[in-house]
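Chains: A, B, C and D, in written order; residue numbering restarts at 1 for each.
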Amino acid sequence: MAEHRFQPTRFYNTLGPAEPALAIAPGDTVITDTLDARGVDATGAALATRPNPMTGPFFVEGAEPGDTLRVTIERMTPSRDRGWTFSVLAPNVLDPERVAQMPERERVEWIIDREAGTVRLEKPSERLRDWVLPLAPMIGCCGVAPALGQAISTATSGPHGGNMDYRGIRAGTTMSFPVFRPGALFFLGDCHASQGDGEIVGTGIETSFEVAFRVALDKGRTIGWPRGEDDECIFTVGNARPLDQALQHATTEMLDWLSRDYGMDAVAASHFLGQTVRYDVANVFNPAYSVACRIARQDLARAGAKA
Amino acid sequence: MAEHRFQPTRFYNTLGPAEPALAIAPGDTVITDTLDARGVDATGAALATRPNPMTGPFFVEGAEPGDTLRVTIERMTPSRDRGWTFSVLAPNVLDPERVAQMPERERVEWIIDREAGTVRLEKPSERLRDWVLPLAPMIGCCGVAPALGQAISTATSGPHGGNMDYRGIRAGTTMSFPVFRPGALFFLGDCHASQGDGEIVGTGIETSFEVAFRVALDKGRTIGWPRGEDDECIFTVGNARPLDQALQHATTEMLDWLSRDYGMDAVAASHFLGQTVRYDVANVFNPAYSVACRIARQDLARAGAKA
Amino acid sequence: MAEHRFQPTRFYNTLGPAEPALAIAPGDTVITDTLDARGVDATGAALATRPNPMTGPFFVEGAEPGDTLRVTIERMTPSRDRGWTFSVLAPNVLDPERVAQMPERERVEWIIDREAGTVRLEKPSERLRDWVLPLAPMIGCCGVAPALGQAISTATSGPHGGNMDYRGIRAGTTMSFPVFRPGALFFLGDCHASQGDGEIVGTGIETSFEVAFRVALDKGRTIGWPRGEDDECIFTVGNARPLDQALQHATTEMLDWLSRDYGMDAVAASHFLGQTVRYDVANVFNPAYSVACRIARQDLARAGAKA
Amino acid sequence: MAEHRFQPTRFYNTLGPAEPALAIAPGDTVITDTLDARGVDATGAALATRPNPMTGPFFVEGAEPGDTLRVTIERMTPSRDRGWTFSVLAPNVLDPERVAQMPERERVEWIIDREAGTVRLEKPSERLRDWVLPLAPMIGCCGVAPALGQAISTATSGPHGGNMDYRGIRAGTTMSFPVFRPGALFFLGDCHASQGDGEIVGTGIETSFEVAFRVALDKGRTIGWPRGEDDECIFTVGNARPLDQALQHATTEMLDWLSRDYGMDAVAASHFLGQTVRYDVANVFNPAYSVACRIARQDLARAGAKA
């Protein structure tokens, strides 16, 4: 149950079989730092290059292919007072005939008020001058080394996780990932101070963070896609294009979860999902889109589930 | 400001240029009855055939092409004690390799307890024996006669509305539709006692309803896709396949709304949507899927909007 | 076996249950005129409006729902010396990030040399000054009144045919359509002097035509999607978005065809299609895309098929 | 201009930054062996595991990021008398409602007659007893090490090439790939004795091959996606899901090619493509689908192009 304070010095643009940065045991907590999406740290120093340089990998002792790695996000604290976004909607979220009418994309700065827990545009136009948003930190990219010895860009995602850009991956959430390699090799980075559904301007409010997380291991438990849970809900994440296929992956994974852990056969799970399921469009910008299939704990309780 | 009690005797499987069933004026309220998706009424009589037979059309005096019809859903009361669903997830929401492993689809009955405001399976399996859900009525199919004199099946949807199967279309919601023909010709039907996101078993809990709605007209205001609003949020609905394109339509329509009514230029709207947008997968079953692009009124207020 | 010379005076922007323009018998031939996509005839007179005004409908005596209508295109002759296209690739066939870099769309004139059987740009840029193409006439939009009494825009397509914009629908081709209404109600129009795959500039070379076609009836034979055949091949057409779904429809229809007419069970048809199938992207521009699933007669012959 | 006879002993399931198997110079020819898709060689020995074990990588001297590697396929000779396929259409090429009606997938053997240049089923059903097909060898998977140090599964594809399963990649074709790493690191394998469009049973006729290829280098020439050319045509390949996006990549790449090498600005290229483009559905089975955008040399010649 050790607590590690890990200061990264090397960063990765792929999730793959890299040299472990730190070996940790199930139950351990790590406090570490993440760069923003273009590699800038808390002091403004550019330490790495795009896309989404990762902190890690963390080698989790005892993790073997076929196990599941659980990562509880305990705390996310922005480590500087500035973040940035792009200024216009991504062309792929608009009707194609509309795209040519949009202004050119620029990078825009935001002020992060860590005391007040808010974010606002540094130089807002008149219209948005008084607009202040609550700080809502999330991890844009996290996951493990993929199957087959692959090393996959942090711009995209897959069964191993990666750049899912889901606002549900935040403090209080426990993520589960399939383990494909000894030690799992957990990576994280690309944290956002805030983001709506879909990451539709192509970024959240990108900044550097200090993140605390705790790991656990489900030995011998095999899952197919990333899963998450918090006090309010459980969810699965499917990563693919188009959204239809991401949704198929997430729904199929939830069907498996309801079957194995909640005692629902295919018909019971169909009845239950048909009335209670919620889908979140996590991102509709990256090479693979991400859709979360989410169930409220209240709905599980109504159906007599303990969990 | 008349109140009409309209008892339908003829039903439609298309939204199109049919003979008006009733002429009403802006400000009027209509109380009427809808059949379930296969044409069965409150007494169990089969009065019409599939798909989704509609009540209407209601001719709204003064409505002309280029206007917007507003329909406020005031009340939805189930008119019988039974509803039905299909028993398994639709094949298009699962990974294709999984489809052949699912049991065969059957029609399943549900008990609607109008006193208690709940629904439950009539013959639940052991696992779901104690599962009781809150009644959550919604309109599956509503809209107006489409452009070009088209008559479009109530199985699908488009800019005119139709079979959007969005759980956000419920009592308290005001829907807006583009008017394509004199009188608009509003239709409604296919109401559900409850439904999760996506209508992923291919149905909600299908039953007959008594519905009260009030109409209004925005003369000279032209919109591109159905819009809605209630106390909590405003939303647009895009109808198309794949989900990606439905989302493009809905996002483009919201961009127009924010521009015209909320004073946001393309960059302001991009900043605002990028941090606040929510997407709902309304249905991922019908020939055209439906995605809602939704903004919380709280977020509009934070950005200084009166609305 | 009558031959009708039919001069249309009324044109339709939907395929639906319109008043028949002419009643014909199986075996009859019709020679008629079609307008271009924006309603201009051989003399340059604008007789109808967009989109794609249709000639027809032709009522085929004896056709009943559940039958199949066969239409053999005997001749297509351009009826004027000018055609037109749009000048740039449609935004939906390019990477979204590229769209804003394209010039604005204009309408461009082409010269049709009916003697020489060629087409060329009226005012080519220096680069294309000597570019001359063979005339290759095709019907952009044809089909029958759809199911359920629907009237569907000639901008799009479905099981009833419609705006498929497939260059394989040309003189020498026999098209088959499912019959949904008594008389079938066959429409045609939107003919092109030439077009590549996909109609990727949003048009073929649009002009007016004289078309000769002969009808036949397959009583009691039911098909699901349009089919075609000529001396070289047989094909099915699926209409939907995305291309993936259009391809699914076309492949499923071909599987049925191989089963019923060519004696192949699901495994034999799979072996056969797996080695011989060709797909054509008919159009990737209209609201519904169209994909043809095509088999060479030579491949059918190799597999011992008479047809 | 050396000719290398290379006997592979190690095989790869990813395209990535592996240790070079052989260093070769531009102009050199390599004759080598490929395993079938599940790792079986000419003698029936299982030397590697799924998916698609690759021969290589070949380090091409002088190749640097930003260059283009050209690979001319000179000869493909099957190295054994047996191949195999799957027995039923993949579930993703059929309408989802049809999938559950298909028989279970089995592996099926084919006889390759190298003398006669034909293939046929080993144990055909009565219906296909006399079915004999011409041998039509193609490379299912080939490409270079991807950008960012990624190592990407040979089950899928991307800008670096990979598992494109395009029947146009055959003897006589010269493929071009973007170079992302020093030496390019060219891999090949997964060759098929025959395959229709789309690889719709999930395989071609999978067997081992001897392949002869020659490499060349275009120094300082940068491309975005794989390209190919033979005596008849030039083509680009886009890899993505859905087919729509693969087609966008391929079309955008062809637009660049026509601009840079054929002197066509955006409007000239649009006119030209609009009338002459052909699309091939290379594969509609792998995680990324592949679409080829193809232009006949005859059409280039008509438009005055030398090439």
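Assume a residue touches a chain if its C-beta (ideal position, glycine included) is under 8 Å from a C-beta of that chain, and two chains touch if they have at least 3 such contacts.
Keep in mind the model is a prediction, meaning the values are calculated, not measured.
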| item | value |
| --- | --- |
| Least hop count linking subunit B to subunit D through chains in contact | 1 |
| Fitting subunit A to subunit B on CA atoms, where both chains share a sequence, rotation angle to nearest 5 degrees | 180 |
| Chain whose mean Cα position lies farthest from subunit B | D |
| Separation of subunit C from subunit D, taking each centre as the mean of its C-alpha atoms, in whole Å | 32 |
| CA centroid of subunit A to CA centroid of subunit C, Å | 47 |
| Where subunit A and subunit D are represented by their mean Cα positions, the distance between them in whole Å | 34 |
| Residues of subunit C engaged with two or more neighbouring chains | 92, 96, 102, 241-242 |
| Partner subunit D, residues of subunit A touching it in the complex | 13-14, 16, 51, 147-153, 240-242, 245, 287 |
| Residue numbers on subunit D that touch subunit B, as the complex places them | 90-92, 96-97, 99-100, 102, 242 |
| Contacting residues of subunit D [partner subunit C, same complex] | 85-89, 92-96, 98, 101-103, 108, 121, 125, 127-133, 194-201, 203, 205, 241-244, 247-249, 251-252, 255, 263-281, 284, 289, 291, 302-304 |
